[in-house]
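Next come two complexes built around chain A: one with chain B, the other with chain C.
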Partner chain A sequence: MPGSKRFEILRNRPVNKDGFIREWPELGFCAMRSPYDPAPSLTIENGKIVEMDGKRREDFDFIDAFVADYAIRQEQAGESMSAPELGIARMMADINVPRADVVRMVSGCTPAKLARVLDYLNVVEMMMAMQKMRVRRTPSTQAHITNRKDDPAQIAADAAEGALRGFREEETTVGVARYAPLNAVALLIGSQTGRPGVLTQCAVEEATELALGIRGFTTYAETISVYGTERVFVDGDDTPYSKAFLTSAYASRGLKTRFTSGSGSEVLMGCAEQKSMLYLEIRCLMVTKGAGTQGVQNGSVSCVGIPAAVPSGIREILAENLAAACLDLECASSNDQSFTHSDMRRTARTMLQFLPGTDFIFSGYAAEPNYDNMFAGSNFDAEDFDDYNVLQRDMMVDGGLRPVKEEEAVRVRQKAAGAVQAVFRRLGLAEITDEQVEAATYAHGSDDTPERDALADVLGADQMMARGVTGLDVVKALAESGFQDIADSVLQMLKQRITGDYLQTSAILDENFNVISGVNDPNDYQGPGTGYRVGGERWKEIQEIPNLIETD
Partner chain B sequence: MDIEKHDYEQLIAEIAGILRDVLNERAQNAGGMPGFSEGSASPAPRPAAASSKPTPAKFSRSSDPREVIIGVGPAFLAELTATLNGLPHAEVLREIAAGVEEEGMIPRAVKVYKTSDVAFIGKEAAELSGSGVGVGLQSKGTAVIHRKDLYPLTNLELFPQAPLMTLAHYRQIGQNAARYAKGERVKPMKVLNDPMTRASYQVKAALMHNRETALADTRRPAEDFA
Partner chain C sequence: MDGHSNTDNRILSGTGVPLEDITLEAVLAGKIAPDDIKISAGTLERQSGVSASAGRPQMAENLLRAAEMTKIPDNTLLEIYNKLRPNRATKAELEKIADDLGGLYGAPRCAALVRDALAIYEKRGILL
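Moving on to the complex of A and B:
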């Protein structure tokens, strides 16, 4: 048979470079409902859960035990477990049912029950539900700030521009592990230069991440990973109890935390126990709830290639986000990892969180070109900024970003790179040259910047940690170098840990360091005319994209 | 970085075939339904594929400070024979060993059975190594340079995107591991990054890793691997 030219063209489309696989429940390649998922059930005797989702207490693994003991509201369980799943699903999508009623109903559900409820919803109903269920009334978004060279001047410059563009949180990580303290300090300085009040974190190994937080180099932590099967937990040398302990360590120092979970990790680690991705993720979310942390980053996250490969997988990702919101957790809803060669497919995937709004639509958005994204690529990157701004304008949706002027961006980039240069000098770290500051100011990515002396940098980082340098030393170095305003902002960020208001669920800060959270900005959506509406100054800002036809 | 679609599908089909065999075998042993049975964390190692190979020597520790141990995953050069992007295991191992030797140190390969996680394979290699520095290598090609005094989930250098690795990179890993072992100030290797790696390879990575994890046996100590 001669080949069809049309089929040849179709074969070569970007989407056909992606990996797809049929459902295979034995290995966990199953999005929302596996034939091996348990049927919901719950038995309480003498104030103790003795049976859950078809398993007796003596057969519980440590996730079952943790969920049963800490994550299910027993006084609510009778009503929740006897309510039909379809009925609870309708409550979620129904604008006439207040958010609080859904939260109450879900608080008495087992993991299998909640999984079945969500399987009744199509994606539009899930978006309706998410619009109502996200904790914070005002949506926002988070950035990734990284580069392939771990160049501190570029981190500071990209952080400053990102903050200016509206990101409320910025997250860095490393190409080389020993760079962690330098990246954290550069991010802290850069973020406060672009717009005060941005929260920052450095995603690295947990003990290092905690040490960075305790020293005041970061202002929140997100990389506290939990898993849906016991074997994956054990492989990571962890348990739900150790994660809860780690959370307490952060809380004791006044640091905001959220856990990270997401579908596909158990499949990727080879231990899905035949269960659906959604069921396993709900177990993670209930561990998160039980451990007492205020929120979660989920939506498959770095394992997105797995759910994206199976039928209904992108729908499952939204279902996970919605499950988090229904459990009254802050949800940073992923969109942070590349998973497809197709621009059409990646945009469609993000619309599911962008349109209803979540606490953080991205967690995060690559505020550098994707080749510099050390989380192995995000779903959107710096080259998509204008597209994203136009999407907000087209649909009158607040996606958390705003258009900025080139001269403003260059100004904050230069100031941030200069500030980090001065601080490095004061702290005795490897020299950042004027040439590097200049390059970082005007660069798009690390292809445009000179090489750093990586060896001098990692030795400097080791010495800085050994000398006991803290966030206060950074404040001091900034003040002594003439960057008084940035010094004040960094100090304000350190003070948050003493006042503690930003430990409330879904907290972000405005540029005057006022906390905006689920407590003082609760989501009150109940249909047209209620909830968050784009308007006023914010709408004007969204409209003013740079590429407009001038009419006068 | 795209491999030919045909090769990709063929590889997936091959791996899927191997996995099905193991699942069925295990189902027969367990007398239950096919697939992983919950709680069966430690499957018996498969005797079949090892038949043509000599029995591995039991590991005995050396205190030679020049020794750098390369720890390989349970499926390495057994049920799996090439990395995610098709580099033959024998050549990858040879390159790492050559890199170690070039720096005047002594490479030694061991097979780690108790885990399939790259961080823990690397940590185990470092702990067994006379120098305290080890290389961890998964069958899919993900590698790490580890040192015995570090937390398991941190490292000296990590190479997380296996599809981007070449034999030259693996040789450099051997060289850098040897330099760390000598206590030198080591310049970390240049970081590789391709944002489309996940889209192209994650499913295949999952299938390969499932295969390796099925062979992990928490009670089985590491063995010399010639």
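Moving on to the complex of A and C:
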């Protein structure tokens, strides 16, 4: 048979470079429901859960034990476990049922119960539910700020531009581990230069991340990973109990935390126990809930290639996000690691969180070109900024970003790079030259910037940690270099950890450092005319994209 | 505590410095130490109350554990965290940690968490 020209064209489409497989539940390649998922059940005797999802207490692994003892609300369990799953699913999608009723119902469910509930919903119903169930009324989004050179001037410049564009959280990580304190400080300075009030974090090994937080180089922590099977948890070198202790430790220093989980990690690490990805992720979420941290980053995150390869996998990712929201957790809903060669497919995947809105639609939009994204590339990057702004405008949706003017972006980039140059000088770190500041100001990515002396940088970082430099020294260095306004903003960020209001669920800060959280900005969506609506100044801002035909 | 802002002048840092005294001028004059930028047990207890009122009992409990931990030095917290990781501690070590938390540090909630961990770690074979 001669080959079809049409099929040849189709074969060469980007989507056909992606990897797809059939369901294979024995290895955990199963999105929403595996034939091996347990049937929901719960038995309570003398105030203790003695059986859950078909397993007796003596057979509990440490995840079962933690979920049973810390997460499930026993006083609610009777009503929740006897309610039909379809009925709870309808409560989620029904605009006439208040958010609080769903939260209460879900608080008494076991993992298997919640998984079955979610499997009744199609993606549109899940989006309806997410619009109602996300904790914070006002949606927002988060950026990744990284580059291949770990160039502090570029980190500061990208952080400043990102803040100006509207990101309310910015996350960095490192190419070289010992750079962590430098990247954290550059991010802290840059973020406050672009638009004050942005929360910042540096994703590194747990103990280092805590140390950076205590120093005042970061303002929250996110990479506190939890897993859905015991063996993978042990391979990850933690337990629900160690993570619960860690999250309390952060809070004891006034620092906001959120856990990280997501489907596919158990499959990737070779131990999914034949369970569906959604069931395992709900176990993670219930560990998160039981530990009492305010929220989670989930939606497969860095294992997205696994759910994306199986049928209903992108739907499963939204189901995970929705499960988090129904458990009354802040949800930073991924849209993170890139997973497809198809622009169509990556955009469609993001619409599931973008359209209903989540607490953070992205838990890592690459605010640099993807070649500089040290989290292995994000689903959207700096080259998509204008597309994203147009999507907001087309659909009258608040995706958390706004159009900015070129001269304004250049101005904050220059100021941020100059401020980090001055602070490095004051703190005795490796010199940032005027040429580097200039390059970072006008750069798109690290292809446009000079090389750094990596050895001098890491030695400087080591010395800075050894000397006991803290966030207060950064404040002083900024003020003494003439950057009073940035100094004051960094100090305001440090003071958040004394008041603790931003420890409450789904907290972000506005540019005047007012906390906006699930406590003072609770989601009150209950159908048309209620909840968060795009309007007023925000709608004007969204409309004013640079590429407009002037009609005057 | 709706709309409660960070300018609330009733708030003291962990070392007892009023929030409004932590200004740029005070920092530049060397009057503020890193330890002054720490939350107090009282503030954490108050935030725990806010969480409980918002229907989040697990979070309220976490913040009460955190309030207890304000008295525990940074390095000790890190050491205990590491001991709670799998295959890092003997039964006797975790028992000692729980006893110290309950006694020396006056942290009964943290002690209870460690005891719960110990019981299941022993059953699951992840003690040294």
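The working rule: the second predicted complex is superposed on the first by the 552 of 552 C-alpha atoms of A that agree within 3 Å, B and C clash if a C-alpha of one lies under 4 Å from a C-alpha of the other, contacts with A are read in each partner's own complex, and residues count from 1 in each chain.
Assume a contact is a pair of C-beta atoms (placed from the backbone, for glycine too) under 8 Å apart; a residue touches a chain by one contact, two chains touch by 3 or more.
Please read all numbers here as calculations on a predicted model, not as lab measurements.
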| item | value |
| --- | --- |
| Combined model on chain A: chain C and chain B, fit or clash | fit |
| First, second, both or neither for A:Ala207, with chain B first and chain C second | both |
| Which superposed partner A:Ile88 touches (first chain B, second chain C, both, neither) | neither |
| Touched partner set for A:Met127, first chain B, second chain C, both or neither | neither |
| First, second, both or neither for A:Gly175, with chain B first and chain C second | first |
| Touched partner set for A:Ile306, first chain B, second chain C, both or neither | first |
| Inter-centroid angle chain B-chain A-chain C after superposition on A [Cα, multiple of 10°] | 90 |
| First (chain B), second (chain C), both or neither touched by A:Val198 | neither |
| First, second, both or neither for A:Gln492, with chain B first and chain C second | second |
| Contacts of A:Gln274 with chain B and chain C, given as first, second, both or neither | first |
| Contacts of A:Leu246 with chain B and chain C, given as first, second, both or neither | second |
| Shortest span in Å between Cα atoms of chain B and of chain C, once chain A is used as the common reference | 10 |
| Common interface positions of chain A, toward chain B and toward chain C | 61, 206-207, 237 |
| Chain A residues touching chain B - in the complex, by the definition given at the top | 11, 16-21, 25-27, 36, 61, 148-150, 175-178, 204-208, 231, 235-237, 264, 267-274, 302-306, 309, 337-341, 370-374, 376-378, 381, 454-455, 458-459 |
| For the chain A and chain C complex, residues of the former touching the latter | 60-62, 65-66, 69-71, 73, 100, 103-104, 206-207, 210-211, 214-216, 230, 233-234, 237-239, 241-242, 244-254, 289-294, 328, 468, 470-472, 475-476, 479-480, 484, 487-488, 491-492, 494-501, 503-505, 513-515, 518-520 |
| List of chain B residues in touch with chain A within their complex | 2, 5, 8, 12, 19, 23, 34-36, 38-39, 41, 115-117, 120, 151-158, 160-161, 185-188, 190-191, 193-207, 209-214 |
| Of chain C, residues touching chain A in the complex | 1-6, 8, 11, 13-14, 19, 22-24, 27-28, 32-34, 37-40, 43-44, 46-47, 50-51, 54-63, 65-70, 72, 74, 77-78, 80-82, 84-87, 110, 113-114, 116-117, 120-121, 124, 126 |
